[in-house]
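After this come two complexes, each holding chain A, first together with chain B and then together with chain C.
So, the complex of A and B:
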C-alpha cells in the first residue's frame, strides 16, 4: 500500500473528505455537494456559462483579487501603523528592508487591477444583457459593489501618507465640500441656518464627516484606515455573498430561465 | 524648452534595450501570425498594373513574413546597439511628432474619440475580422513603442500608477473588439435563420472538472502576473506628506480622473457630487428601464442598438477616454499638454470664458448686470439675482422639463408608449444628464461659455 493510499484511507482524511477522489461521474457530483468551498457552484452548468470567450472570467478574477487583497492586506496590517509618526516610515521600510515587502506591491497592483476587472465584468454583463429579468436586482448589488470597490481603493490610497496620497485624497474629498445642502460650499447650504447661525460649516459638513477634520489629517488617516481595513470589507463580503447566492437563485450567470 | 531637451535625452541605453525586448515580442507574435496566415489566408494576386501579365500569386503570409523579419532586424538592432543613444535613428520622427502635438487639444481629443466610437459601430463588420484586429494591435503597439522614445511621453506613461491605465486601454480595446466580433457573428446567424453561437454547444457539463479547473488555472495565471508585476514595477512612494507643498498638478486617483476632467466644464457640486450620483443611480436603473426582452444571454448588436450604443458612449468616450485625457494629457494647472510636450508649469492658457448672463446683459442688451444695491432687502437681492440669470434659468428649466415631453412626442415616441410615464421620465432624465457634459463642452469650445446659470452667491453655477 502506497503512502498516498494510506493517507487517503486514514480516519482523519476520511473525516475531512467524505468520499473518494472526484475521478468518476458520481464522485464529481458528490464533491460539489459536500465541499464547503465548491458548493458555491452548481453540480452541472451550461457550457456557455463557463466559456471564457463568453464570460471573460472577469467576475471570478475580481473575486480572486478581493481575496488577494484580503490576504496581502492582513499581512500588511501586521506591519503598518496608521499614525503620522509611523505611517510613511513603515511603508518606506516595507519597500527597503522588510522581508516580503513585495506584499505592498502586490496589494497596490491588485487594487488597480480589481478596479479594472470590476469595470470589465460590468461591461460583459451589460453586453450580454445578463441584467435582464430575473437578474435585475443582482445588477443593482453589482453597482453597489462597484462603488465599494472604488471606495476601498480610495481609502487605501491615503495610507502610505506620502505626497501622492494626501493630495489625491485632498482633491477627491474637496468635492464633498460642494455637496448640495450638506457641503459648506454647496448650493443650498445657506438655507440650513437658525437665526443667522449657519448649521453647515467647514467643521460640520459632508467633507468633515468624511475626513474627520477640516483638512486631511491624522484623524482622516485613522478614519480611512478603519474604513479600508474593517468597515468596507465587511460590507463588501456581505454583498459578495448575496451577489453569488443570487447568481445561483436566478438560474446562472445569464440567459432567461 | 531646448535646454530642457538637452538635459533629458529622448533615448538612453536602457530605453533602447527595453524597447528591443518589445520588438522581439512583436517579432514572436508576428511569427506566430505568419504560420496562422499560411494556413488560413490564401493567396494575393500581384499584377503591378499589367507588368506581370496575368500576375503572380503570392501568399498573404509572405507579407507578414517580411514584416516579421523587419521586426527581427529592428529588435536585434536595439539589443546589440553599438553607436551612442544620441545618434540612434529608430525613434518617433519629428515629422510625426510635430503634427500630433500641433493637432492635440481637448476638442480634437473628444471629437476624435467620439468619431472612433461612431466608426466602431458603423464599420463593425470590417474591423472585427481577425486580420483587422491584428493590424490594429500591431499599429497601436508600434505607436506606443515609438512614442516611448520621446522623453516627455515616457515620463507620463511610465509612471508606475499610470501603467495599469495603459494596460486597461488594451484590455478594454480587446474586449470591445471581441464583443463586436461575436455580435456580428450572431446577427449574421439570426439573419440567416441559423441558431445563435451561444445556443450551439450549450449542453450541461459537470462543474468538476470543467469549471473548477478553469478557475484554478485562472488563479495561477493571475497570481503569476501579480507577482511578476510586483517585482518589475515598484509601488510608488513619493516624499512624505506635506500640507504645505501642493504638487502641481494635484490629481485624484486615476479612476476618478474622468470626474476631475469634468471640473473643467462644471462646478464641483455638479462634477463631483450630482453627476457621479446620477451615473450610479443611472447604472442601477438600467435593468428597470430596458424593456427589451431580446439579447438576454448572447452577444448581439442589432437587437439592442439603442441600449448598447448608449452604454458604449457613456463608457468609452465619456469615461475611459476622459480618464486617458485626465491622466496623460492634463499637466500643471490642469492645462492641456500634447503627448510629446514638456509639462511646463509656466504654460499660459488664456481663459476668456463668459457666463450666459454676461453675454446677454453686456453684449446683447448693452447694459450692466443688474445688481441689488448694498443694504437692500433680501427679497430684492434675490429677485435681482433671478433677473440677472433669467435666461440661463429658463434654458436649464426648458432642458430638464420641456425636453422630455417633447422627446416623448418625437424621437422617443415608441419608447414612451412602451415604457409608460415613470420609466420613460427616468430614461429621458438620465439621457439629458449624460448629454449635459458633451453639450457643455461644445458650448465652451464654440462660444467660450463658462456658466449657463452663474449664481456664485449661492454656490449655484451650472
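So, the complex of A and C:
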C-alpha cells in the first residue's frame, strides 16, 4: 500500500473529503456539493459560459484582489496604530524600517486595481445583459458591493494621516453637509425642528455621524479604521458569499438561459 | 623475510644507491641488459612483488652507465585503473537524478502550475513569517546610567529607576557585612509580579502572593523560592551603569561575581 493510499484511507482524510477522487461525472458533482467553498459555485456550467472573451474574468480578478487586500490588510494591522501619535509615523516606519513594508504598497495598488475591476465587471455584466431576470437580484447585490468597495477605498484613504488624507476626507465628507433633510446645510434640514429648536445642526447631522466630530479628528481616524478593517469587510464578505451563491442559483455565470 | 623484501624494495626505489654499492658489477651487466629485450611492465611488477631486485636492476642500469641522472621508474600502481570507473558511476547517477528532478516541473503544464503555486505559497509564507519580526523595538535600553554612587546613601533603597527600567538601586552593608551597591530587578521570583519597597518595614513586599525580601534581596517570607535577581552594575566615567542584559542569581552562587555589585570602602 502506497503512502497516498494510506493517507486517503485514514479517518482524518475521510472525515474531510467524504467522496472518492473527482475522476468521473458523479464524483465531480459530489465534490462540488460537499465542499463548503465549492458549493457556492455552480455544479456544472457550459463551456461557452466561462469563455474569457465573454466574462473577462473580471469578477474573479476582483475577488482575488479582495483576498489580497484581506491578507495584506491583516498583516499591516500588526504595524499600524490608528492614533494621532503613531498613525503617520507607523506608515513611515513601514516604508523605512519594516522588512517587507512593501506590503502597504501592494495593499494600496491592489485597492486601486480593485475599483477598476469592479467597474469593468459591472460594464461586462451590462454588455452581456446578465442583469436581466432572473439575475436582477444579483445585480442589486453587485451594486451594493460596488458602493462598499468605494467606501473601503474612502475609509482606507484617511489612515496614513498625512495632509493628503486629512484634506481629502475633509473635502469628501463635506458633501454629507448637503444631504437632504439629514445634512445641516442640505435642503429640508429646517423641517426637522421641534418648537423652533433645530434637530439637525453641525453637531448632529449625517456628516457628524460619519466623522464622529465636527471636523476630521482622532475620533474620525478611529472611526474610519474600524469601518475599514472590521465593519465593511464583514458586510462585503457576507454579500460576496450571497453573490456567488446567487450566480449558481440563477443559472450560471453568463450564458443565455 | 620481511627485511629482505624491504631491502629489495629500497633498491628498486633508489637505484642510484644500489648502483653505487655494486659499481663493478654494473659495468658488466649493461651489455647483457642492452642486448636482451627490455622487461615488460608486468614482469617488473612481478619482480617487485617477489622481492627480486636483480631483475629490476637491469632496467635502470643503462642510465647509470651512460652517466645521466637516473630516472626513477615508479612501481606500477597496485590499484587497477578499472576501479575508478566504479567510483564515478554513482556520481553520474546522482547528477542524472538531479537533472530529472529539476526538469520535472517543466514536464507538463499541470506540473509547472502546481510547482509554481507551491513555490509562491512557500515564499509568501516565509516572507509573512519574516514580516512578523519587527526591526525596531520600542523598549528602554538595557544599559543606562543612574548617577554617581554618592546619590545612594548607606542602607537605602532607591525607587527612582523602578518605573522606567524595573530596577532598584540598593546600598546596604547587610549582605555578608560588605559595603555594597547593587541593582536588583523589580521582578518577584515567585510568579513575576512587581514587589514594593516598604520603607517602614524595611522589606520588599509582593502584593500578589505576599512574598517578602530583605533589603539585600534575600527572601524570607511567602512563596518566593529564591532571592531577587541582581543585574549588572559597574562604574563608567564616574557614574553607575546598570546592564539589564545580564542577571545574577544568589542561589546559583553568582552574587560573588564582581560584575554584580560595586564595593565601597
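Heads up, the rule we're going with is that the second predicted complex is superposed on the first by the 211 of 257 C-alpha atoms of A that agree within 3 Å, B and C clash if a C-alpha of one lies under 4 Å from a C-alpha of the other, contacts with A are read in each partner's own complex, and residues count from 1 in each chain.
Rule of thumb we're sticking to: a contact is a pair of C-beta atoms (placed from the backbone, for glycine too) under 8 Å apart; a residue touches a chain by one contact, two chains touch by 3 or more.
Just so you know, these numbers come straight off a predicted model, no measurement behind them.
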| After the match on chain A, would you call chain B and chain C a fit or a clash? | fit
| message | Per the contact definition in the header, classify A:53: touching chain B only (first), chain C only (second), both, or neither. | response | first
| request: Scan A:45 for contacts with chain B and chain C and give back first, second, both or neither. | output: first
| Regarding the shared-chain residue A:236, is it in contact with chain B (first), chain C (second), both, or neither? | neither
| request: Using the superposition on chain A described above, determine whether A:216 touches chain B (first), chain C (second), both, or neither. | output: first
| query | So, A:100: does it touch chain B (first), chain C (second), both, or neither? | reply | second
| said: For the superposed arrangement, I'd like the angle with vertex at the C-alpha centre of chain A and ends at chain B and chain C, nearest 10 degrees. | reply: 120
| query | So which one touches more of the residues on chain A, chain B or chain C? | reply | B
| said: I want to verify one number: the closest Cα approach of chain B to chain C after the superposition, in Å. | reply: 8
| chain C to chain A touching residues, read off their complex | 127-128, 130-136
| query | What residues on chain B touch chain A, complex-wise? | reply | 161, 164, 167-168, 171-172, 175, 178-179, 182, 198, 201-212, 214-215, 218-219, 222-223, 226-227, 229-231, 233-243, 245-247, 250-256, 259-260, 267-269, 271-274, 280, 283-284, 286-288, 290, 292-299, 304, 308, 311, 315, 455, 458-460
| query | Which of the residues in chain A end up touching chain C in this complex? | reply | 75, 78-79, 93, 97-100, 103
| remark: Given the complex, residues on chain A that touch chain B span 22, 25, 28-29, 31-32, 38, 41-48, 50, 52-54, 56-57, 60-61, 64-65, 68, 88, 91-92, 95, 102, 104-110, 112-113, 115-116, 119-120, 122-124, 126-133, 135-137, 139-140, 143, 146-147, 150, 153-154, 157, 160-168, 170-172, 174-180, 183, 185-190, 215-216, 254-256
